[in-house]
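Worksheet: the structure to be examined is printed underneath.
Lettered A, B, C, D, E and F in written order, each chain numbered from 1.
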């Protein structure tokens, strides 16, 4: 079993190579993309089954000695992440297939490589290898970002690429400092090193700083708001669920293993992440299009998720992990449902949309459920996530952070209602008018429109709604049947609080 | 002083001269040509360093450097001519 | 002492260029930044042993740490890949100006 | 023998560096782009070739000879082809020839003798 | 047989001939650079060739370029012609002769019969 | 039974849309029947719960990991509310089946079902988390129901939702605080063991939060405005919202928490003050309204004010009064709302000024309205009279200073008299007078029987229960017992003798009659602004304030210029460095011998090149100087013993220059001018970062011995891998996963260059206008490239040979797939550069296929490793050849994959970037559609 772990990386890469040269038929290309996606989901589910009781599986690549080989490790946390990311990749692929975007020649290979990078980053137990896999997931993203081919995409792409490269370089510099001090980059050997040596801690500080930039923590969040509004809805949904979340995963993992949860530094995190929650949500309320509202929200939610690691109590970590999984699902659902509207009606501007609740009841249902979940309302997963997280904050005596989290959830609802009212309830501004692209208001900075030549009242096709609906259903499932995810999160958190199982699995073999 | 060191100093000084031309121009063609000199200088520096350090393996490096110079010269010519072939 | 100074100089130039508005300058800044991190990686292996880790021609006792060298090779390729792409982005419009017209 | 080759190698290298320096010095001294190009050509052709030859003499072996000969070939190709390419590019880009230029057959061939870059 | 021998001798002698050309021209240019003032009389000169193949044209053009003081600026294949920038081209014919001498030597190496005796003059090598 | 209750309601809710497909608006009947059945079921348990004092309980696990369960519990209080919720629900649904227009109403019935479920769950929940869940579910349901009618309802629904959610969050905070403090989420346990109230600060905090939740949910001043705002909802929704659901949740919560907070002065004072204030204010507003629906809505606010205040009093008597009044209010309020709906439906108007003399045409409506209004006004023998009298009696017991009771009583009497006045206004001008005067219909008719059934039942219930009020003794007693004081017994009667409360009742009726006489015409108060600001205005101001703040925050990052986005992380790095270097750490000793003299030459070279590169404004010069820095880096590699790196660095340098040149030729020659101030700032940041980096390198590196893993590589690589170039063995044997990743990155770079150019389109143009005539011999590309082409043709085979040599020897000498690929790529670069035209350069090899095959070969070599047990494990074998045996390893195959990929990517970059317009044939379908957009978007860009 252990030796099969690298297949999660190898198979998508092979598939990408195949799809690069495979010109047709279209159904075969689609089938290949979806099959690999579904395979990864199945593999992830198996991993969850295997690790849910606390087992950790590790495999030294190439069967070299520990400390020499790159280890691939899976525990409950990484298995959970693999499964969730695989689900998102599959669902977003379905959406892309439904909207026809997947038929762009290089779309599928890029998505597959992206997924390989994600799985690699989640599974590797080596700091430098983590850097490599982060690049493997980033570089296809650059292409996916600009593949839509608008000027806005190129501009957003510039910001995204440059910030990502700066961050990756910083990350690598951190790795260099760690190797310079500790003489190893293998996580097992680095276990607890930062708590013992302030020098290792400083080096890891650089690494964590880079990860925080990748996670779009305030005040280094601006790039996200600019670049995630540029690409197509499917791509934004994919990014939202993968990129920042892999960075967050790494923060959790590295802080737990290398810092051993050192509590003397946690106040910084609590402070920063509280500010992140607040700034993100305020930014969201101020925006005027579905996508930009949701993108600002991501930042706010990232604050919530990272608050879990900043608490570093068993309950806090569990809450954070629960929140992480919940947020990945729900955020993608929101991007996909608003994206479906954007795809069909050609705009995401609130004042150019309206009345969709009546015209697209399924879409409305998918959006509303996810929106309420995001705002932390029952019976959706967001409620459980918020409940446990804020309770953990109270339990840890972090009153201010808890208060901020409560207030922010109200503003979150406010911004979600802004979309709801603007897109689904308000009067359709173009009722009775021609549904072509509005004249004049479409500046160079506006997201690309696809309405040219669209029929007057197109309507969202069921296949386009389905992905968002599925994810909202998953969120509802995680709310009503939250026990499953809570148990997994608890198991994942247990390995972060006490890393000995993880470290033993990585080092002694 | 080792005679090779003298040679090194000469080459490096030449590269500095070329750098001056790169910065001052006056034409793009001058800048391009001067850039080429800098890349030729690389060949010399690597070869001389190899002699100085007794590193036989720099021969490969020298070969790479000459290739560098060739490709660079042609690219720069293209650039000077504004992309005209 | 020398290598840290070189790294410092490179980073200074890199950051100055990265903060400019022209995409080409930004890219060149990143090229410099890449060099500096590569040197930092090598420096992390220790610079007191400078022998080549080629065991046919040199004794292992003097050989430099080979691991950072492998890291740097990987890093060079990755930086190069992204550099190519950034140049593409710079080319994909009339000008490489990143400043918005206000 | 080896010492002789080594000394010869060093002599070659120093001579090469000298030629290189003189040619490059032309960048400062010569009047127009085309003249400066001649200086560069001298540096890259004769100068670098001598240095490379010196290197070969320093480490004489068949393998090295093969590589150095290849390097020399490339280097000479660079000097010649690069010189030609740069000269033409400069001409196309309109680099002005110095007023001392006696005659521009290229401009005449184009029928616009008065307008070509080489025109006085 | 004698032509074979002559060609063999030509091949052997060729590097020394060309080396001498390179060294002397370099010395002249170097002197010009290092001494104040300049004795140059630059010109762009059209040089019709007797070469036929691309390889021959290339070889001559490169020989011209590698000799200090002359550089090939432009090439035409039909009829084979070079435009050469010379630093010390007091008159066009002198530079043409210089190039043609090198061409003679080269064709002596590449062709069994050596170079044709008649050296072409610009404008008379046939229209394009 | 409790589970059955919840499950049946859930099933009804889920089934409603399906039933609706068949029955349309008639769905109300079956749903109402089920609710009636459930009401009967609850009533049947009345004896058990109320008289015998049993508590029904049920539980299902929900979130055992955090100890939260689906715990349900029915005591007297829950029973009372349960009956009200289910009974009123049944009535409203019966009414809906006639009120709603014919046709599909699935959304409505679904939401009503969910609303009922949520309210039932709320009153039954014995887990504070579950309580909160149902609490919020009622909010969500009311939000959806309010917004159902259409676009105009959106804003009020949003306002309602946000305000009540804010209150809900207060409750949630209280829930979490209690949970953290008590360690349990069981409500009964928390309330039974109130040791936590001994911590005054904590108790006050939790009590305040609960008060906040109560006030918002029950529409108490100053949060009362949402309730009239929610009037945009359809009448059945309003009826249910006001009579049984939503607002009653606040009262329930207050009663439920009475045991814990009953003795807390904050609790008493806040509830009494806000409650009575609301009672008066609501009544005044009600009296002012012309629209009957608004009048009834404000009346709800007022009546709930009474309820909240009396719960705040907290005595047994007060809680009995609360219980009875909750019931009375449900009956008369639902009847009144439904009556308004009937008037609107039958007479076409619901304004007092528009309606008159309807008693003849609509006698039943008149009767039921009158009964309900009189109950509301507190006129005997209706139930409203009994409850009102109990309220007065309770207010006299108000805790606190001695004057509290009389004052509270007086205020209550005033509010009650106002109630009388507006109740009168509801009935008198509408039903009496000179005959029908209705704008909507010519001749208003009485509503059909089925339409009238529900309000008749409700108002008749008020009369019946008033007459038989002692029947309610066990109910009120049990509810009050559970609400606070165990063993409380109620003694309800129409006649208690001459008590102070009777006097107050009489006073309120007399005063009310006077007020009614003065205000019957409606002219006295109509149109006056009673308050300087309206609640909705305050809300909207707050809302736009937050929105504006958000816009400002968004503005901070609203730029596509990378500078600002890049500066932020850089500054953070510097700050981190400052923090580290000021922390006075022990760095260890740095060995002396780390620097060599020739290093300084390189430092000088770097400094000069970097300084010049930074300063020049020429693009070409900057490129060249950065190239010099790259060369310097290669020299550093050489000096540090990294020959492979030096070679790689040089080759990468070549290709970077070539590619940069391809791009630069499209761009202006010079960089933009940068203002001096900006330069200074940039320079400061740059120097700070550079210093940090240099210090970091100095402090963190070169101070330890060779790492153990390095020792391992140096001593084991040759035996384990058969290679002596240790760096290469790391790349292809020990850590091939890094290399595979790197390879993937490189190949993807090839793909995305293609993808980006093909979708964006290079808008390139020559940046240099050539001044030479096209007739010049120098112009002709085909002829003039003959030299370079010929040379390249001869050189290329040599380069390819060299590259293969480098590939093969990589394992034991500098080289390997990457370096070899770069050499091959440089060869192709030559082919590209020397071709006479762009179309000829397109090397006929499919470059994407080359990349893909390279990746496939590399991954395939990795998969071969599974033969020996692991992905990417190199296999070794001896291959017999004539002169002996050659050592072959899959690592070489892996390296060959790298070679192919590198060549493919370089081909891609050269060909794609070299073209003026990328090859449009490449993508079909979606790309074709994009083209139109590209044209328009690029056309619109200045």
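Everything that follows uses one rule, which is that a contact is a pair of C-beta atoms (placed from the backbone, for glycine too) under 8 Å apart; a residue touches a chain by one contact, two chains touch by 3 or more.
Everything numeric in this text was worked out from a predicted model, so none of it was measured.
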item: If a chain touches subunit E and subunit F alike, it appears here; value: D
item: Path length in the contact graph (subunit A to subunit B, fewest steps); value: 2
item: Chain separated most widely from subunit E, comparing mean CA positions; value: F
item: D-F compared against A-F, more contacting pairs; value: A-F
item: Whole-Å gap between the CA centroids of subunit A and subunit C; value: 29
item: Separation of mean Cα positions, subunit F and subunit B [Å, integer]; value: 59
item: Computed distance of Cα centres, subunit E from subunit C, in Å; value: 46
item: Geometric centre distance via CA averages, subunit D-subunit A, whole Å; value: 57
item: Touching two or more other chains - residues of subunit D; value: 23, 25, 37, 70, 74, 77, 80-81, 84-85, 88, 91-93, 106-107, 109
item: Shared interface positions of subunit A, touching two or more other chains; value: 128, 132, 135, 139, 142-143, 146, 151, 154-155, 157-158, 162, 166, 173, 176-177, 179-180
item: Per-residue overlap in subunit E, given as positions that touch at least 2 other chains; value: 61-62, 72-75, 83
item: Contacting residues of subunit F [partner subunit B, same complex]; value: 601, 605, 608-609, 612, 615-616, 618, 620-621, 623-625, 627-628, 631, 634-635, 638, 643, 646-647, 650-651, 653-655, 657-658, 661-662, 664-666, 669, 766-770, 781, 785, 788, 795, 799, 802, 806, 813-815, 823, 826, 829-830, 833-838
item: Contacting residues of subunit C [partner subunit F, same complex]; value: 1-22, 24-28, 31-32, 35-36, 38-40, 42-56, 60, 63-67, 69-74, 76-78, 80-85, 87-101
item: Subunit D contact footprint on subunit B (complex, rising order); value: 3-4, 6-8, 10-11, 13-15, 17-18, 20-21, 27-30, 32-34, 36-37, 40-41, 43-44, 47-48, 50-51, 56, 58-60, 62-63, 65-67, 69-70, 73-74, 76-82, 84
item: Touch list for subunit A against partner subunit C, complex; value: 128, 132, 135, 139, 142-143, 146, 151, 154-155, 157-158, 161-162, 165-166, 168-169, 172-173, 175-177, 179-180
item: Subunit F-touching residues of subunit E, taken from the complex the two chains share; value: 54-55, 57-58, 61-62, 72-77, 81, 83
